[in-house]
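Each of the two complexes below includes subunit A, the first together with subunit B, the second together with subunit C.
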Partner chain A sequence: MFSLPAYLEMVRMKFLMMLAYRVNYYSGILVYAINIGAYYFLWQAIYGDNQTMQGFTVAQMTTYIAVGWMARAFYFNNLDREIANEIRDGSVAIQMIRPYSYLMSKMMQGFGEGLFRILLFSTPGMVLVSLLLPVDLPTDWRVWPVFLLMLAFSFLINSQINILVGLFAFFVENNAGMMSMKRILVDLCSGLIVPLTFFPTWASSVLEWLPFQAITYLPASVFVGRVTGSAVWEVLLLQFVWFVVLLIPIWLVWQRARRRLFVQGG
Partner chain B sequence: MDAIRVHRLRKEFQVQQNREGLGGALRDLFDRRYNQVVAVDDISFAIPQGEICGYIGENGAGKSTTIKMLTGILVPTSGEITVNGHVPHKEREQFVREIGVVFGQRSQLWWDIGVIESFRLLRKVYRVPEQAFNERLNELVERLQLGDLLTRPVRKLSLGQRMRCELTAALLHNPKILFLDEPTIGLDILVKSEIRDFLLQINKRYGTTILLTTHDLQDIEALCSRVVMLDDGRIIYDGGLDELKRDWGKGKELLIQFGQPCSPERLRALTADLSVTWEAVNEFTLKAWIPLEQANLTEVLGRVMTLAEIRDLRVLEPNTDDIVKEIYQTGAGKHV
Partner chain C sequence: MHYLSLFFDYIKIYMKTKLTYRSDLWIEIVSDLLFQGLNLLFILVVFMHTDLLGDWTRDEMIFIYGYFMVPYGLFTAFFNMWNFTERYIIKGEMDRVLTRPVHNLFQLVLENIDPSSLFGALSGVVIMVYAGTQLGLDWAWYDPLVLVLLVLSSMMVYFGVYVSLIAIGFFTDSQTGILPLVWNLQNYGRYPVDIYNRVIRFSLTWVLPFAFVGVHPASYFLKKGEWQLYAFLTPLMGVAFFLLALWIWNVGVNRYRGAGS
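Coming up: the complex of A and B.
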């Protein structure tokens, strides 16, 4: 059952909710500023006198860090925790009496959150960062729309992973450990902390077969100009493939969860 | 036509069983043991359209489980359910458009933003046309006096205010069937009676079928013509409220506070032929249970008054739990 106006309304409501908690928003800016600053100086120290490392120039690295964290502000959400909590306290039941898809509604709320951050957070943040740090913004205008599209897929893939992890609360009593593990795994394996080319060969060839690189590494590589020409379409296709592939386990887990949905305290 | 039909409905849960001690916990890691618990055990009933039916029973009797199956949240282990012509868990999205649900202990409103935002979302979710929605909302706002609450965040509402908003949220799309799971829990008397009046009015005006669970017998008395009583997953009574009270509300309980210390023995002796049972609460206060078939209130009180001065007197209404307990203890229900 397709009910677009309702889903759009959810995006709007999540946006409102984010506005209702402005202090969170301000502290978020601070956290991201500190992270970008810290990683900038860290990489400065690592590069030392080197002009390039693993094919990354210093300028590309700086841009990579800035855009990586700004992208994270958009794709990051707590869907896993929200879903797990709703399953644990049984309020998932309330959602089941609504004529919409639970997972779709969660996804849309995550999107509302992301939209809020990209408009009021990432965009001004990126402007600020490029004033303070030597960031090279793409000069080819065509990179921008492609990057935005890739960012959308980053959001989708990251949210899919979150949903999958959150849904495990149906099968185990407490999946908090799993969630924090996932969080570190995504930050590390997506290339946010270290670009994939810096990993040992065996590790980076493993990571190439995992969905995480599609979250940060691929879009950021396009943004800094490491991937150009027809290769851009290949990485975009790769993102799309992961988006489709991840739908399968979600669907399977959701079907099983529906079967054994038992509401605690019922 | 029946709004709700349930035939031989059954729900079993698997409950994890934890072993004792550290060694047990370690063994649990690799080899979990489960217990099969029957929450709802082969129940059948039918509720005609436009009826208000009370669904009562002790905690853990299976009320909420039944409601969850009727609303499509839980999939039954076996048996058949038809609600409003649909099988709830199979045609969920289509089915839930025509029902409204309120869980007294859980909010379905968005916690951090104005109530009106939740209502607006519901309008889109249920695809209510703008004009119909506004008319309906105005009517509900006026009836439940929600005027200045609408823009307030839900977390800043009192329980009574919130419950009125929950009811509004459940009724905005004019559902044919309304499920209420303990709608008056924790509310003060004023709000309770307001909500009861409101439900009666909705039922009369729109012919809404209402199924409600409650622990408050006054809810049932005010609203329901019919009662389904559940114990341990089984229906132990299904019928009119009047019959229930006539058959089972056989006595009255009195709480009497005397001006001077009174022993239950003396009172027992005084009312020996009336088979009144006495129980001391403290030195001055006693509890009496008077079986109305053998004794009447005036008689008992008349005799007691000759004994000592009465400071305070209260008639305790039998509550649902007591009646359920009584029915269960006599083992009468099983073959209803």
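Coming up: the complex of A and C.
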């Protein structure tokens, strides 16, 4: 933590870099909106005449989809691919001799990207979607700060998983398959595509023991009002616990990885 | 003939590279299949809570999905240029491609073949056979031929969309991010388009015609009344988008000036 100003500078640089590639971001908003729209219609058709399914009302479901995707717009990053690329082209070696923590710097760059996305992407996107679709925003103001805090943990946990998968490039040289597998797993197991309660009992009880639900399902459940009162603190605690637990494998992999780094070509 | 022998040479190169990183090849195939499996899981999970999606049953949805996998698997086996702008335009590799004696697009396709995707197409066929048996579809003698025709047409639709999109690289070298986004959109073609509203339905049929890589051609075999008309449109759309893409591509290549360094 000695180099906090350096880390803040990384956040700022990444933020500015994102600003420079604005076209990327315009098309992004559009397609996230279309994604939300398509899932909205899909779920409308699934509900048909039913008013509630698995404890979700139609309105809650619509809100869940909207907030789930907009949260994804915030927490999503390509840290895994960036790390894997740097390992493969050998530039990780240069980064490792610099006077800051490599993983911390990656996390900060991810945060700069996330900051850009939440300010210029998720927030306007959510406004747009709530104008177009029957989304119920929380009326209790206290939900908002808690939700933002939970979003921060979504970002941390998702980035941790990304870093972990990215670091596997130290061991397998080409982990592209693993990274796409991870992306699919996160989208499905986090409850973005289907809320956890829709899974068969055995599957949802397995998923409750995995970190993925902390990325989408828990924060979105708080947002749509499926989790209220003191239960909110429990899910927040659960997120925090996963954040701490995930530090362990990252630390272990990083220790082992540093010892077996070999740079191909270069 | 010359093109064909080149093709086999590149397959040989592909095999050699893949055999160098053997475990990665298997991970790639498994993750590919897992991806398809998870999509199937979505359909299965959803139908645990409902009998009909619109007026489509579970097995019909599975059949559409199986069909969707076939042209997609075949197409990605021969088209794997998702990082075209970065690799060929920004890094200037296109210079090298243009000096080769075969047509530049053909050369690009050859350099990027990825036959491991064929496993996806194969499992698509298995899924179609499974769902078809469940549905008790009767196959006329000419239906396998129709299937080949429709799959080819769907591949041409993919070709049309993605070649046009990567040709954007010739006009602007900044990353547009449009490719992964459109790739996300194509997944909506595997659900019946009548569940969407009119704007989306229209776009999926005429603008980014991903309905023609899944639901429309598949409904020919499902004998779904009104939708069959669209099934017959598939070859027309395929050819139209194919030609459009070739035209855009050739215009783009003429604008290519090479990278700075």
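Quick note on the criterion: the second predicted complex is superposed on the first by the 264 of 266 C-alpha atoms of A that agree within 3 Å, B and C clash if a C-alpha of one lies under 4 Å from a C-alpha of the other, contacts with A are read in each partner's own complex, and residues count from 1 in each chain.
What we mean here is this: a contact is a pair of C-beta atoms (placed from the backbone, for glycine too) under 8 Å apart; a residue touches a chain by one contact, two chains touch by 3 or more.
All of these numbers come straight from a predicted model, not from anything done at the bench.
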Clash or fit, subunit B versus subunit C on superposed subunit A: fit
Partner chain(s) touched by A:L42 [first = subunit B, second = subunit C, both, neither]: second
Superposed arrangement, angle subtended at the Cα centre of subunit A by subunit B and subunit C, nearest 10 degrees: 80
Between subunit B and subunit C, more extensive residue contact with subunit A: C
Subunit B versus subunit C as contact partner of A:I250, first or second or both or neither: neither
Touching partner for A:L115 - first (subunit B), second (subunit C), both, neither: neither
First, second, both or neither for A:V58, with subunit B first and subunit C second: neither
A:L137 touches, of subunit B and subunit C: first, second, both or neither? neither
Partner chain in contact with A:M13 - subunit B first, subunit C second, else both or neither: first
Contacts of A:A33 with subunit B and subunit C, given as first, second, both or neither: neither
Touched partner set for A:I94, first subunit B, second subunit C, both or neither: first
Touched partner set for A:G177, first subunit B, second subunit C, both or neither: second
Nearest-approach distance, in Å, of subunit C Cα atoms to those of subunit B in the combined model: 5
Intersection of subunit A interface sets (partners subunit B, subunit C): 21, 173
Interfacial residue positions of subunit C with respect to subunit A in the complex: 21, 23-24, 27-32, 34-35, 38, 41-42, 45-46, 48-50, 52-54, 172, 174-178, 181-182, 184-185, 188, 191, 195-197, 200
For the subunit B and subunit A complex, residues of the former touching the latter: 13, 16, 39, 64-65, 68, 71-75, 92-94, 96-97, 99, 101, 103, 106-108, 110, 112-113, 117, 120-121, 124-127, 153
Complex contacts: residues of subunit A adjacent to subunit C: 21, 23-25, 27-28, 30-31, 34-35, 37-38, 41-42, 44-48, 50, 53-54, 172-178, 180-181, 184-185, 188, 193-194, 198-200
Residue numbers on subunit A that touch subunit B, as the complex places them: 1, 3, 5-6, 8-10, 13, 16-17, 20-21, 90-91, 93-94, 96-101, 173, 258-259, 261-263, 266
